[in-house]
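One chain, subunit A, appears in both complexes that follow, with subunit B as partner in the first and subunit C in the second.
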Partner chain A sequence: MRASLVLSRRDLDFLLHEWLEVETLAKRPRFAEHSRETIDAVIDLASRIAVEHFAPHNRTADEHEPHVVDGRVQLVPEVAAALRVFADAGLAAGTLDEELGGMQLPQVVAKAVTTWFQAANIGSSAYPFLTMANAHLLVAHASPEQVQTYVPPMAEGRWFGTMALSEPQAGSSLADITTRAELQDDGTYRLTGTKMWISGGDHELSENIVHLVLAKVPGGPAGVKGISLFIVPKHLVADDGSIGERNDVVLAGLNHKMGYRGTTNTLLAFGEGVHTPGGRPGAVGYLVGEQHRGLTYMFHMMNEARIGVGLGATALGYTGYLHALDYARTRTQGRPVTGKDPAAAPVAIIEHADVRRMLLASKSYVEGGLALGLYCARLVDEEQTAEDAADRERAHTLLEVLTPIAKSWPSQWGLVANDHAIQVHGGYGYTRDFPVEQFYRDNRLNPIHEGTHGIQGLDLLGRKVVMGGGAGLRVLAEAIAATTTRAAGTDWADLAADLDALTADLVRVTATLWSAGDVDVTLANASVYLEAAGHVVVGWLWLEQVLAAEGSTGDFYDGKRQAARYFQRWELPRVRPQLALLESLDTTVLRMDTGWF
Partner chain B sequence: MNIVVLVKQVPDSGSERKLDSSDNTVARASADNVINEMDEYAIEEALTVKESQGGEVTVLTVGPGSATDAIRKALSMGADKAVHVTDDAVHGSCAVQTSAVIAAALQQLEYDLVLCGAESTDGQVSVMPALLSERLGIPHLSGARKLTVEGTTVRVERQTDGGYWMLESSLPAIVSTWDTINEPRYPSFKGIMAAKKKPVETKSLADLGVDPASVGLATATSRVLDFAGRPPKGEGVKVADEGDGAEKLVGYLAAQKLV
Partner chain C sequence: MRASLVLSRRDLDFLLHEWLEVETLAKRPRFAEHSRETIDAVIDLASRIAVEHFAPHNRTADEHEPHVVDGRVQLVPEVAAALRVFADAGLAAGTLDEELGGMQLPQVVAKAVTTWFQAANIGSSAYPFLTMANAHLLVAHASPEQVQTYVPPMAEGRWFGTMALSEPQAGSSLADITTRAELQDDGTYRLTGTKMWISGGDHELSENIVHLVLAKVPGGPAGVKGISLFIVPKHLVADDGSIGERNDVVLAGLNHKMGYRGTTNTLLAFGEGVHTPGGRPGAVGYLVGEQHRGLTYMFHMMNEARIGVGLGATALGYTGYLHALDYARTRTQGRPVTGKDPAAAPVAIIEHADVRRMLLASKSYVEGGLALGLYCARLVDEEQTAEDAADRERAHTLLEVLTPIAKSWPSQWGLVANDHAIQVHGGYGYTRDFPVEQFYRDNRLNPIHEGTHGIQGLDLLGRKVVMGGGAGLRVLAEAIAATTTRAAGTDWADLAADLDALTADLVRVTATLWSAGDVDVTLANASVYLEAAGHVVVGWLWLEQVLAAEGSTGDFYDGKRQAARYFQRWELPRVRPQLALLESLDTTVLRMDTGWF
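Now for the complex of A and B:
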């Protein structure tokens, strides 16, 4: 296959097979039906559909964003056509149990599949991935009857799903949501309120839309402890599974975004009486699990969702990098510093050192980000299917501590790769004649949604590294040490030594931060902590990659080694000043009076 | 309705393809090998006929061990079983020799209809269906853009430059298909998993009763004597626009007989 500008199959194969050895998962009962053959065939299928049906309308969907005609959301027809192909291929059901129509695909393979679609067209791919997250939550927490009603149609790609958490006045702070859910005599609930930023909230792409809605039952505890989770379908479902009455949830408006334009983003109104199911207003909802535990159920899905956002950020950075690389190889401009003869033919811009600097930086970010995302997805498989309970527990702890990094690091550095891709294109990169500007706009969402960068910093420093008496950070340090030990006697001993030293510094600085005696001081610079820890983690995964490439020769492996060297020489040195700032318990930002701005 | 589809694994036409300089045969070991793109249309057509008429679709390939990838692809699209003829002696065979091997394999199968792509993208000799027709003594309907089966009769629309011919024959017959005949389906997730369990029978020349000395490069009826890469792209022609750019451009295109 001609090298794709969507994603690198070669890199994916290296990471999945040569590094993560995903084929070994087939020894576990849940994955016994899988093999190298089926894994490769599934990725072949995904890459082909992504390239042939999703990438071609990426620009079209961006240029013709969703709009409302006679109360119905209109999208370019290519979106529905691509999603039909996706569903017909059975890709919507990847990791679900066979009995629910799924294929019990390992998470790490499923994430490799989704990365293809995210790189090809982040807007259109959001619909099935939101649906899968919705279905996974139901499988984990809903009643067997609810699972049977809602999950198979979603697995078949006939119904889509959403996550309705935020409200106009309450985004990051869910404690302040005001949507109410009142218990009815028949055990159902009636919801009233508005939900904001709901991706996929309304459209004509599917027969039904299953909203998972956070709301408060009157009389419950205040704050997040009073939040419950409800299934609110756009159309009520009859006992035989057929589409029934229209529920009282309606589109109140579309948000017009900088990127991700193929994904409808909506303000939804619940219980306004536009429709009257059962003869009266109020959106009919069905409680998932127990009252007041809604946020706990949502958080169950957070690791998976956050890894998915991180991989989406990597995917956009990756495709931007590949486009920039292709452009730099073919665009001629200028002559070498040492050969300025105007009669000589101009060289491809990749011949200029500064262009290679941007490409190499981008390569280190996107390949590092892909390694990070797939490593975390592999941990999900370990957490769920490792034979030994201690291994499952260890995987769980490591995943907990890595999740904020897996979400935020690619969101930050994948975006830098997109920035470099524009720069490599020069003036053309700033025009709409080339796709790199769209990749940048699309990727700009990722540091914001699914927990902002700032919230991820608070999660890492405030919660994850100190949970279980510091078990999170301890397990991470052990994992890094296990790799650096393997590097002894190789060409990478110096990188291993750098990582050992930085890890020790990170552990020490963490203790210093928590000894401040004032949690405001401890957490004031949490975003810096997140970035420093992120670079150490990705440096570690670069060491992992070059150790997996030991003894292998050829351009691909030499490229891996040079990117690892770049990360060591150019990127890891960023960490020490960050750690020094943190260790000084700097309060410059904290003490900045709001009136002084 | 038993349908046999001929499938070949070829170097990806989208990648750089090479000949092996030691014997001037296609360098398969180092290539990015895929199922011959044209064969996917034949598979799709076979599956469509099976869906309306019932029966079984068998995939038949001649090729090295790695050709199982092409077989699995066909099985994951929905074919029922496969026969893989693999034997080192076949290496370097010409179309005439290969047709003898395929014909021998077909004679061991029950078939009503044999389908194949119009050509393979590596050799592009495009004579296999005609050779098989001759060897098996069955009708050959080439270049189909449409195919229908009624009872023991097959009808095809043969695509031509100016339109089409309507052809008809009795079954069994061999039909080669163009890429205008259908839109091949993707393998499905379920199909990929099911393909693992579908039977693939491996046969050697001995199993087919073919004399190894009758095939292979040494006795091939045609062989590649020499080859060269495509010449590097030359410098383009620059047209300086001094107010007459369009005129010059049209003049250039006309001189090249492009307009």
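Now for the complex of A and C:
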């Protein structure tokens, strides 16, 4: 596959360098080894490996989904081969400290790298990205000994990691997990329970699998306050770091999905007695940090994972858009509406306005989504490495408020881009002879996992915009205002004025919702709030992009400008009826009696 | 499967009897044999066969898609068995004249029947419904001898029919078909060419397959004016009606689709010389009607097929909604936002506002879509059997303007209902252990076939609303006004006022678009026009429904009223920014240079 069908390097370069000016990060001690050259080199490397080793088996892995033979999960061999290349290139540890085997890349660069792999093959790329999120959590919250034991093998790509939160009866509601962890005399724990939806939960790709498992220690508080976090390796690890005996965690079943099939997704049983580590049943687990603080630690990882999900949704939408664009330029069909002379040759379908509408809409979604994801990753760098404490705090707050949007907006609109990509292909797009139908199936997962769309809405309206006395929304409004101020005197003053007005409305509507005097009413339409806020945020980032393009000429920049105009004229007007609905404290849904369905 | 998961009989009875008062059709000579009892009996029969014989193999047919063994298309055996039951019940000929073996059912009843089968198993139901559309076309345009030869075996379910329009290089643009038909001395034609996307194009389900093929007779006019229509049977038919020698039409390949897999979809080669009917190569074809009028005849069928596609999209959305509703009533998860006590038992997820939002939205889409499809079918009856010529003409005009909406609106919003059904199920909905993912894949075809979404937009704005000096839009506006007038003094006066205002805006915007002085500008955003008009139409039909429910009490009617309120408060406001965009004669898409992508 051509690299130009996977992701746009030109756009990525624009976002990273012309807009986010990532090489300025090299002034900070942590990134002192980096420069424009090293950043470009790692993206060159990533894009080459993604295109040459990941994209070619994307369809194969979809057609031959994981299955079990003799108790072992079988994947097509191309997956292991690609992951080996990935790890050998050092990409499994991009952001980790050098002393742990990492490259100490800025998060924003690391996310640009991951987006290449997600666009090339979302299924295979999930294994290392879950592993990285696991490693990051350990670095942040585990003991130095735990970090030394588990992180370097993951950084080398020899061991993989998972996140084991959900259970069959408890997905969105982690308060209800029932997996138990009982303290042993030696300070370890023994876990019993069942975990559902565990991606990468079992396979033969790595020497070991490090599960990070949420469980409850008996006697703790009820609900989420009684959740603790444990390391539960598939194989116990000897003191010298070598693989020891088999832990009592076993595969209980595979989930068969509509898409995203390359990523094996499992039901895992802990403490069933299938294995007897130390001579007796029970899955051996090691507490991370303190008891009962597991969910807090996990949210550290979840925020990273949510931005990653959003970027994955963008990546799938992006590659679908590029495929549709390529098809539209080459497929001929019909004639212009003003020149229906049947003797004239058919035109490329990109000449038809409705095809161009779908492509332009998609461009605005996927380039907007990529800007959003990279902006958030840049905030992570700011949160972690800004010199000034106030800057770090501000970045942290802005990131908190943007995270539900960074997760959900691309999951919604990247999927629309995938829908358009099928439509541009016509009947061919509906067949498995073209890749766009798979992108559509793959992307449909993203509004579900790592917190559903509805959960993100509650997170944004119920928590994020009101936290710290409204600091979240205030910081966001200030960031938008800083941009719109810069638009004064440019061609974009009207877009800036639209955004100022919408932001003011959003702030006012938020206050109205929270003065409803009834939390049920306040939160009833949180998904609408999420979607309205998302469009305002992406509109803002489109203004950011065109301001970064001010004074630059050529097709690329003209395309950015037209996409921004599209977003202004076609997309932002969707927000007004949403805000009006919210401001009216509409209770149509709330008052729908369940007996009336 | 429970019938209540396939379709709502209660809703169907409401629409047919309380709203459309279909039994009044029995006053007309054609339907004199029918009554409330016969109508209910045929729907009872259809629903029972759909639930017992079609629904059970819906997943099986998806998992084991058609494939070729020794040159023959293999389907799972349940398909043939179900179609046998269907035909034996007389359902293959519901609307045909009694003398052709039919039941002379009103179209509106026949469509209620087909919706049951589409909801139960869209893939298997396509075979008879394509056959019926084929038979209807022959009855309308073929010679009496052709009708006698081909229609009764199709009415008995012994022969099946197809529509062969598209070619690999010509889908939306039929002007460019290249299949040739050469007149022979005996008055027959010989066809050579390749047809693509032919559903039911080859299989072993029937004794014969009657292809209706568009082709060009050499020397005719260029473009669509040179297209003629031919009957090309798979097996030639002897004078006594028995199956004769094999015609020269062969399977050239199967298309492998994302969904809708139960319906075999084929590439067919005509006149390849694989068979030699009459001792020489060339597919024998029989002209239907006159030369060069083929597209006109085909549109007779296409309008029927488009309403059928819309109902199929509604049916898939409807069954998805019913599955989601059932799941939401039984699956427990989490607690109310105002009562997060972890010691309290989890609630059924229908108690969560965001789940109820998705269900209520879906209810408004699928019940609105069903009302739209049945209303159009009722118009077909009016067009064909109204006593007064002016009534027939009015019905014809209204049907013309509604057809692109009846095809596209459910294809868009029924799919949203399927999307919501997955989301309500969470991760489970994304697995193949639950049926909702298949409904979503199946339904994604509907915005593509029988004229894409973009083609419907051009049809509506470019032809239908301006035909007859604007008669199409005028008749629609009058029909809406007749309803809103009836709403005076009811609880629905505000919805009526909204609809009056939106209709006036739609009329004004239409005039503005057509006074642009540049057809490129007029038609640039035709898809937006289609979507805006669609929402106005469905809003109108929601008003029709609640007026039909006036004075009736109970959960069912309260549900109708709340869904209408939802549509008024949540859906109709989407239309305003669409109309504003259209009124501005926005050229953002039109002016997007293809080099800027």
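A few points about this structure:
The rule is short, and it goes like this: the second predicted complex is superposed on the first by the 594 of 597 C-alpha atoms of A that agree within 3 Å, B and C clash if a C-alpha of one lies under 4 Å from a C-alpha of the other, contacts with A are read in each partner's own complex, and residues count from 1 in each chain.
Here is the rule we use: a contact is a pair of C-beta atoms (placed from the backbone, for glycine too) under 8 Å apart; a residue touches a chain by one contact, two chains touch by 3 or more.
From a predicted model like this one, the values you see are computed outputs, not experimental measurements.
Applying the stated contact rule after C-alpha superposition, one finds that A:V337 touches subunit C and leaves subunit B untouched.
When both complexes are overlaid on chain A, the residue A:D354 reaches subunit C alone and has no touch with subunit B.
Put subunit B and subunit C next to each other and count what each touches on subunit A; the higher total goes to C. Within the superposed three-chain model, A:D88 lies in touch with subunit B and out of touch with subunit C [touch as defined at top]. By the touch criterion stated above, A:A488 is placed in contact with neither subunit B nor subunit C. Of the two partner chains placed by superposition, A:A504 touches none, neither subunit B nor subunit C. By the touch criterion stated above, subunit C contacts subunit A in their complex at residues 166, 169-173, 175-176, 196-197, 222-224, 255-259, 325, 329, 332-338, 340, 342-343, 346, 348, 350-357, 359-360, 363, 419, 422-423, 426-427, 429-433, 437, 440-441, 444-445, 447-449, 452-454, 457-458, 462, 519-520, 523-527, 555-556, 558-559, 562, 565-566, 569-570, 573-574, 576-577, 580-581, 584, 586, 588-597.
Interface residues of subunit B, counted against subunit A in their complex, comprise 12, 14-15, 32, 34, 72-73, 76, 186-190, 192-193, 195-196. On subunit A, the positions that touch subunit B within their shared complex are 1-2, 33, 35, 37-38, 41-42, 45, 48-49, 85, 88-91, 93-94, 103.
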